[in-house]
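You will see chain A twice below: alongside chain B first, and alongside chain C after that.
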Partner chain A sequence: MEEKSTTSANEMKIIGFLCNWCSYGGADTAGVSRLKQPTDLRVIRIPCTGRMDPLFVLKALISGIDGVLVSGCHPKDCHYAVGNFYARRRLEVLKEFLPFLGIDADRFHYTWVSASEGQRWQEVVTEFSQRIHELGRNPGVGTKTKTENSVEAY
Partner chain B sequence: MWNEITEKLHEVLRNVMPQVDVVLGWERGFNPLRIKPVVVRSEKDISRLVWNPFCVQNLTGYLVKNPAVIAGEGKKVAVCVKGCDSRSLVALIQEHFLDRDRLLIIGVPCQGTIDWRLVMKKIGNTTTVFNAHIEDGILRIEHSGGLEQMSIESVLLRRCLRCAYPNPVIYDVLIGETVTPRIDKSELYRNVAQFEQKSLEERRNFWIDVLSRCVRCYACRNACPLCICQDWCIAERRDPKWVTQRPTIKDIFIFHSIHALHLAGRCTECGECERVCPVGIPVMFIKEKLNEINLRLFSYEAGLDPQAVPPLLTFNPHEAGI
Partner chain C sequence: MRIGVFVCQCGTNIASTVDTERVAEAARRLPDVVYSTTYVYTCSEPGQQEIQRAIEAYNLQGVVVAACSPRMHEPTFRRAVEKAGLNRYMFEMANIREHVSWISNDREANTKKAIELVRMAVAKLRFNQPLFPSRVAINKRVMIIGGGVAGIQAALDCADAGLQVVLVERKASIGGKMAQLDKTFPTIDCSSCILGPKMVDVAQKENITLYAYSEIESVSGYVGNFTVKIRKKATYVDWTACTGCGVCMEKCPSRKVLDEFNEELSFTRAISIPFPQAIPKKATINPKYCLHFTKGKCGICSKVCPAKAIRYDMTDEVVTEEVGAIIVATGYDLFDPSAYGEYGAGQYRDVITGIQYERILSASGPFGGHIKRPSDGKEPKDVVFIACVGSRDASVGRPYCSGVCCMYIAKQAILTKDHIPDSRCYVFYMDIRAPGKNYDEFVRRAQEEYGVQYIRGRVGKIYPKGDRLVVQGMDTLLGVQIEVEADLVVLATGIEASKGARELAEKLHISYDQYGFFMENHPKLRPVETNTAGIYLAGACQGPKDIPASVAQGSAAASKVLALFARDTIETSPQVASVNERACIACGKCIEVCPYGAIRWKELKGGIKKAEVLATVCQGCGLCNATCPPKAIQLQHATDNQILAEIEELCA
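The block that comes next holds the complex of A and B.
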């Protein structure tokens, strides 16, 4: 993945997959309350953590994204009743699996933040982005070869 | 010994033929080392079937993949299975791809299957094999270069060296005597534990090294009895576009991740993916890790209980620590 000129040198690329019903609202609450947050996170809104395909995380980390954060409703609080119960198992298996391929499992984190927990959201995102800054750039796999619509691919 | 078992198989099949429409089994290929799958529909063809350690293929995939082998109304499909194949059957029954009542399962306890590539490597790739005999763990081969003997253990497939379930876990008829597993269940994942002694970077480099040989022929996916998406496989879809057509290591990594994660908690370790790989990638090793995780987190082993639900297709609201 090529470095975009808009990305400043010390900013990390972190993707946050946030559940529409809880964590997305929680992040909104944090914003409305004017809580200071790190700017490395790019948010993707998903309808439920049950929508999370573990491959989203794997593809991001293989492509050289520095960190992936998944956040949804607390267990037993799911808008669709059971979505996050499925997600919990899948994401835990993924977290255990990542180091086997040689990907640092610390680059991936999943947690639960409700819509009213603006303060908690601030803590989660600050802590995670701090951890990613300590880990440094993610080498990814084969990210140096030019791909994806690049004329110099061959 | 193998001839006796083959004869027993013929006898059993002749007896059950009235209720069976079609039989899935193995027959001799173009040389004694090469066995091929065969679909038998009439009684006179039963004598074509064989059973010996060269019968490597897992036939259960033919029951679910198009064009699937299906029995006529009120009849059954008879399918020959080894220990590992029977676990694939259980997994397919669990997920309602197969109806247990429409199957007649003929189980054959397995003492390990032979990798013809290893044999050919030992006797020279250009030789012609005339005859192969196995007795008391010794493989005796008559070939154009003379006579050669080798122990079975030295030419087994990797999946057989780490087999803990050589006896079919589900069957209607069992042919031959049950055998003792080669390794204990507690030792199943010792290779995984050993691999995890390496550093993250060494592990990544290992996978980059072996996967860079991958030509994405999709043989591993096609041979897998549980990879049932077929034409809907997301590795070949343009929308959503998970992998590109380009042969880069990144795309190969994503393809193998798709294959492995779609089998998380379902893979029964029949080892077909690894056996069919033309460039010798240890494809099953990735799934071994996923199975190790499933065993540790959910105390679940795939393909043993037809009533169980694979752990990632269900949940437990009360589980702690996850």
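The block that comes next holds the complex of A and C.
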């Protein structure tokens, strides 16, 4: 896989919400196999995609994060039996809803990657990062205010 | 909060593509961070000691380690901080190895990414709370559902270890399908000779309580403490009085009752004992045929019973049992071959199923062990076996292999030749699957020593000709049409999930696959555990299985229960949901979505209802958290505030 040269200047801000039981492990597997990937993604570990509150995606996209990726267990493989089915329903509705807020639905993607699928993870990250680079910066929604928590850059 | 950050170099695994010094320096400038450093191998003994030293020296209240994946060393570091007096949940990890240093060589981008991941971990940590596991006492009794060979094995192993065992079987006798078999492959030992003594053992063990003719009504509770309601179906016979003498059965005038144990090849009476070796050996009245129930007269059994055990007024009874673990061993049922019209099952009396043939072969069967065909009682000379009837055929919704048919066909063909030496056996098959120990050798014996003719190909049609049947098929190896005239056709009907399996799974909160077989926790590493703690699987209820595999699983499930019961209490994870009662609007949505039934109503003073999480049942998926409209229910250690803090840190 070709390595995209990123510098701090042209790097995009992408958040990945990964299920602890499958995709987080898949991302680990990709790392252990040294499968090179774009560096734009920051991962947040969640117990199950069923934990995914659409609010998390909205919060990020409204605040100007350039892309949000959610990845969980393959249908029927959910560690908690049914969590990913609820996630699928919710996130599907969310995707429909994003354009009404003035957010390009392409900035949001959800998929399934198991703990053993390191290679698949590499492909998912590479494709999604490329897509976001093509879309360019996300202006966010409304007036962008800095959040209270924000800290001065290092 | 006073936070310490430890950036691991992992030798050069991290340090070669991440400037760890710069990461530690950036961390030091974050609010609340009072100490930050790098270390060459943080997970090593001295590395952990360095963390413990810093906790004391700087009076740290929370710790972030930026190193490998938390799936690798989170438990290690949690133990380390706990030893220094911190709560183990006042700890976060930033994964800067698998997710950073190993996937890119761009040192600048990696360093920036590592710094951001550390910032996110610190942001989350600010919202962390000390959490404490609960301990629950274990009720060291075990329930086994299903009394086939798998369930019997599990029950005996648990009972031998001294546990109190409750065995629930829905039929009037235990034994399952194995009790109906004549001989068993690949050793051809007599099925009831090896199963019979185990069944007797079940009856004789004082620490096994057997509920036969009973079904599970409801299950509540959680690992260590389940409450199970059992419906004891009315038998109309007082089993404590019945001695199993069988006089009632002899005298009963209602004689046209199809015998289920003999697969409807013979008749039994309206009051019957299922088979001579039944455990328990007790009579049951079938009210559909009993003249007392259908015509309001008769009463003969009541008159002849020497033990005065008949109770026409008996009703179902629901009893409650409390157990700490449950083993599900409900076995399988068989595919209904009438789905294949071309085979004429149900239409021609001499087209029978494999399990019917087992009964015919059996000395305790409908013909006393003489092979006769059902239509006219003649001894068959040409017997055709058809494999994969309802197996490996997506067109009838059964794409999977039933696993045992190839083997039992070989067995039945050998036994046919033993009974009738001048008989000829033909087998229509797709592939021969015989992967067990001595299995392939067994099939070869059928072919080579017994001269059973194997024809690779599917049967297209069966039609009668005089008093015989013509089996028309394709020999795909020779590429020719083939016709065999047969006296008897045996269909190897496939294994399917036992009736009511889905309903039972839902009562137990365990999952099942698209065919209704119960799902194991991990197909390779946790084959007898379900996703619900304290509930285990054994035998063909998990998927097609032969007797050796079913017995092995019975013992495996018993050993899991014994391991669970080796302690008096179990620790449950504190990463569970909890309800803010003031915010809860009692909509009940969380109760609806929880896959584990971990949320229930709690009544406050004045009759106000609020949701309440049973901490020991909750598995920590967070589905309720994402569902709750006012966000009243929060998953500890992954609360909205904690996740939002991570997002906001990145937006900043």
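Following the convention adopted for this analysis, the second predicted complex is superposed on the first by the 135 of 154 C-alpha atoms of A that agree within 3 Å, B and C clash if a C-alpha of one lies under 4 Å from a C-alpha of the other, contacts with A are read in each partner's own complex, and residues count from 1 in each chain.
Quick note on the criterion: a residue touches a chain if its C-beta (ideal position, glycine included) is under 8 Å from a C-beta of that chain, and two chains touch if they have at least 3 such contacts.
All values derive from a computational prediction rather than experimental measurement.
Visitor: So, does A:Cys22 touch the first partner chain B, the second partner chain C, both, or neither?
Guide: Neither partner.
Visitor: Per the contact definition in the header, classify A:Met12: touching chain B only (first), chain C only (second), both, or neither.
Guide: neither
Visitor: I'd like to know which partner A:Val70 touches here: chain B for first, chain C for second, both or neither.
Guide: In the superposed model, A:Val70 contacts neither chain B nor chain C.
Visitor: Comparing chain B against chain C, which has contacts with more of the residues in chain A?
Guide: C
Visitor: In the overlaid three-chain picture, which partner chain does A:Gln37 touch, first (chain B) or second (chain C), both, or neither?
Guide: Touch status of A:Gln37: second partner only.
Visitor: Could you look at A:Gly142 and tell me whether it touches chain B, chain C, both or neither (first, second, both, neither)?
Guide: first
Visitor: Go through the superposed model and pick first if A:Arg90 touches only chain B, second if only chain C, both, or neither.
Guide: Both partners, chain B and chain C.
Visitor: Where does A:Val82 make contact in the superposed view: on chain B (first), on chain C (second), on both, or on neither?
Guide: In the superposition, A:Val82 contacts both chain B and chain C.
Visitor: With both complexes superposed on chain A, which partner does A:Ala60 reach: first (chain B), second (chain C), both or neither?
Guide: Once the two structures are laid over each other on A, A:Ala60 reaches chain C alone.
Visitor: Quick one: classify A:Pro99 as touching chain B (first), chain C (second), both or neither.
Guide: First partner only, chain B.
Visitor: Overlap the chain B and chain C contact sets on chain A and report the shared residues.
Guide: Dual-contact residues (chain A): 55, 59, 63, 76, 82, 86, 90, 147.
Visitor: Across the complex, what residues on chain A touch chain C?
Guide: It comes out as residues 3, 5-8, 11, 13, 15, 20, 24-25, 27-28, 30-32, 34-39, 42-48, 50-53, 55-56, 59-60, 63-65, 76, 79-83, 86, 90, 146-147, 149-152, 154.
Visitor: Going by the contact rule at the top, pick out the chain C residues touching chain A in the complex.
Guide: 25-26, 29-31, 69-72, 95, 97-100, 102-106, 108-110, 112-113, 115-117, 119-120, 123, 509, 511, 513-514, 531, 575, 593, 595-596, 619-623, 625-627, 635, 638, 640, 643-652
Visitor: Across the complex, what residues on chain B touch chain A?
Guide: Touch residues, chain B against chain A: 192, 195-196, 200-208, 242, 244, 246, 248-251, 253-254, 257-258, 260-261, 264-265, 286, 289-290, 293-294, 296-298, 311-312, 315-317, 322.
Visitor: For chain A, which residues are in contact with chain B within the complex?
Guide: 54-55, 58-59, 62-63, 75-76, 82, 85-86, 88-90, 92-94, 96-97, 99-104, 139-143, 145, 147-148, 153
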